[in-house]
Amino acid sequence: ENRGCLLVKCPDKPGIVSVLSTFLHNHGSNIIESSQYSSDPENGIFFIRIEYHRENLLIEKENMENDFRDIAAAHDMEYDFSYRNDRKRSAIFVSKETHCLMELLWEWQNGDLDTDIVVVISNHEDARPIVESLGIPFHYIPANKDIRKQVEEEQIGLMDKYEVDLLILARYMQILTPDFVRHFESRIINIHHSFLPAFIGAGPYERAYERGVKLIGATSHYVTNNLDEGPIIEQDVERVDHRDDVINLKKIGRQIERRVLAKAVKWHLENRIIVEGNKTIVFH
Amino acid sequence: ENRGCLLVKCPDKPGIVSVLSTFLHNHGSNIIESSQYSSDPENGIFFIRIEYHRENLLIEKENMENDFRDIAAAHDMEYDFSYRNDRKRSAIFVSKETHCLMELLWEWQNGDLDTDIVVVISNHEDARPIVESLGIPFHYIPANKDIRKQVEEEQIGLMDKYEVDLLILARYMQILTPDFVRHFESRIINIHHSFLPAFIGAGPYERAYERGVKLIGATSHYVTNNLDEGPIIEQDVERVDHRDDVINLKKIGRQIERRVLAKAVKWHLENRIIVEGNKTIVFH
Amino acid sequence: ENRGCLLVKCPDKPGIVSVLSTFLHNHGSNIIESSQYSSDPENGIFFIRIEYHRENLLIEKENMENDFRDIAAAHDMEYDFSYRNDRKRSAIFVSKETHCLMELLWEWQNGDLDTDIVVVISNHEDARPIVESLGIPFHYIPANKDIRKQVEEEQIGLMDKYEVDLLILARYMQILTPDFVRHFESRIINIHHSFLPAFIGAGPYERAYERGVKLIGATSHYVTNNLDEGPIIEQDVERVDHRDDVINLKKIGRQIERRVLAKAVKWHLENRIIVEGNKTIVFH
Amino acid sequence: ENRGCLLVKCPDKPGIVSVLSTFLHNHGSNIIESSQYSSDPENGIFFIRIEYHRENLLIEKENMENDFRDIAAAHDMEYDFSYRNDRKRSAIFVSKETHCLMELLWEWQNGDLDTDIVVVISNHEDARPIVESLGIPFHYIPANKDIRKQVEEEQIGLMDKYEVDLLILARYMQILTPDFVRHFESRIINIHHSFLPAFIGAGPYERAYERGVKLIGATSHYVTNNLDEGPIIEQDVERVDHRDDVINLKKIGRQIERRVLAKAVKWHLENRIIVEGNKTIVFH
């Protein structure tokens, strides 16, 4: 594959697109897709995602990256080059409920998730058969708040061993410590089973039922050290009514959770997301 | 019109539907629409809405209501008879933003809101021309928190004068006192410009923008003395993204607000809503 | 389980609900859920679905059904009694694409489809491993239009052997003959990969792409001998845009297809559907 | 206002974005928004919409357009420059049903439609009061198929007199002749009251009812000489069920029609639409 993706963030000023597109053209690259956003055309911040094609990209990429350094410095750019060929390596954490894991595995088998799923870690044994049947290593690490530190050391050890780029919390029902989160900043995606910021924390379906809402939702977000307060990637909702008890809300919710998480993961893997402060810019 | 509507709430036990349907049949009534809900088939609470047709209903209704008393007593029923012919009388409170008012007036002109809009009250003059052009009395009552008591006295006076059954807050941006709310319990419908319980209180679009949500919403609810905590009648959402600034969120939100409020008002006018605790049962 | 479900269709006239609810009450049954619809309150057709609970239902059901015969005759009723305890037996036909099959199996494993899946039949081998891993018999019957008659004989043989009540076409890409369809009238549910009646027949995603539609959909319906013209049970859509090529439309479409088919099957299994002419009444 | 918009269509090849962005930069313009699409990165057609800001644009625009000619020729570009300051002039045709007209007028009054509505023409008098109350000329031209030629001459005369750029058919229930359509190619937007290509032609709600669909829709499209076959701009749907008779479908449909038409008109006015063959590319 000769496809690359360039993400850039810099102070907005005239000529940025010209500089970038001319750079790519001079390096024999054809822009396939390009999306941009400026927080404010006057003195705002400029964000762009460019997907391009270049012959012999894997041989030339080092040169390109080197040549780009001066441009980046001149325009005060933060940037990231990524290559379709370098598939990201994902780990999935899951607890007893496997619907989100199943959806990810299903999309992955269909070739719709461009990643290597290198390990699944769980504090329950439920997911082992399906995971191992697909040839993916499964690690059972029992967890509770009293042994959190030791559990996380073991988990971090596995993350390192498997060289994990992205950690997906597919309904993993344990809280992560600040140390753990810092280790994987902007690289942990969680699915929360409510339409955030409604129902932060535990028992969102129970609380949605108590409140009598007419729609329930799910939210995927990057994990930060403020519980359920990280940058939101995707949200969706479904209609419910007075006849839906908590069990039903959970059933309906599972459908929302799995599609919302799958979309967020997919966009992350395609380098479509830039985190800016506590928000995300998602280039569709 | 010979159409009536009977709402009943009582302890659930076998035979309730039989009792009610036999009563109606014995009084020459044909059931046109019937919806029911039980909070729990064993020892729960039973709710039913029956719409029926009877020849000469307006002459016979007093007899029917009298005859029903024994049944209601025997089964511990709370109930309400209403008649299509007795149109509810509605008042609308509005401030500067008129989109919700406009939607209600538009539905009303189309014959889709089965009510008499008897008065519009506002703390701004903006809505006067459109309201008066439709022959509806318009009262301008300036308001702020220092003169709240005197303002509400004037408002209550007008409510009494116009014999108002339903008060619709169509983006009325003043807080009502507990006294006022008590006066119109379960008869005030508000539209809140967020997906409750997210963004309770002031500035919901600004806060939605800050939080970076991917959907924004609106909620119509009965007003209680807990701000934005009353029983929810209807909610809806629209998708937004990082490019939508606060002005845009408000534009998109206006479309949600007007359709959500119009639905809630319509269902109230058709006696489709039963308030139970802090929730609503809405029989569609 | 002591739960039963009664579906009734008859000419609408006053007193029907009274007759039915009194019958059930006299037979010791408590109505748990009831939904009704009249095509026209004057001289229309009346439809009702009643779910009820009765102690010792399985012992008493024969008596109840006997006693009901006179009532049915007196009011010209078509009716059907079904019992939660008698789980329907389902067969699934599938071709190469397994996403709809997978969704049904997933719902079934979660206990959300109240049926026994007794056999899966396919003209391809792709689905065999997953089906057999769940302990469900899998039969490979190669098919093409030249051997249709003999294929269908074999299929009907299996349907009879496995005593199939419901046949689900989960993207089975062969046309069924009128003889076969007649054999299973109102008991075959198909998923068509378009928003019917748009794009009847083959290649709906290709044609949606050609036409430049902004939403694509899927439709589940009972199979009749008019291709894609049977009574519609459920439909849904997703937004697409000019960037979505046919491959993408198919990916997005798969998500719609699987949820639309799963809903239709679930409602059928819960006896929520009455077919009337070429339409369905679905009691949610 | 110093805002301009450039739409370009040309054969895709490396360097196009570089050429365009460098041209704009050299002419003192800052790109505010840019969206692009390629039908195929290899030998496809490339489309781009660039919104830019330039000081003294109205003075400089002639120079810019002149300088662009060589670039366009060199790269075989079709292109269009437009300027925020040159508001498009719109005419609206309407018949008896005014809901789409009302929505457009409402958006326009709110400042959300960037156009001058210069004339409303109708074959009924219903809309006259509201139109004239807003100071917009209203012309009543009775129409039927026998006098079509003479009616269209009169309409074209008014279009010319009012120098109309965009003609909006807001539920105008007369067929236009090929001559008329040719006169305004790609400048007539219609709202069709179905989810095209389902229910082309007359009576779509009646036919949706007959078919028993579970969603109804509306479609806005450019008018061509193939009835209801022109390039689709926007579509949307709402859920309906067996209880919705034709009158109800029409009520629900009106809500869809008005929002779908308003969106399409808005996007056209913002130069967000490129027509390509029988499809549209809409840059959001």
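Labels for the chains are A, B, C and D, by order of writing; each one numbers its residues from 1.
Following the convention adopted for this analysis, a residue touches a chain if its C-beta (ideal position, glycine included) is under 8 Å from a C-beta of that chain, and two chains touch if they have at least 3 such contacts.
The model shown is predicted, which means the values in this text are computed figures rather than measured ones.
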Most distant chain from chain C by Cα centroid:
D
Cα centre of chain B to Cα centre of chain D, whole Å, reads 38
Using the definition of touching given at the top, classify the network of chains in this structure as line, ring, star, complete or other.
complete
Considering only the defined contacts, which chain B positions touch chain C in the complex?
12-18, 21-22, 24-25, 28-36, 38, 41, 53
Any idea which chain D residues touch chain B in the complex?
99, 102, 106, 110, 112, 133, 251, 255, 259
Chain D touches which residues of chain C in the complex?
37, 195-199, 211-215, 217, 231-237, 241-243, 278-282
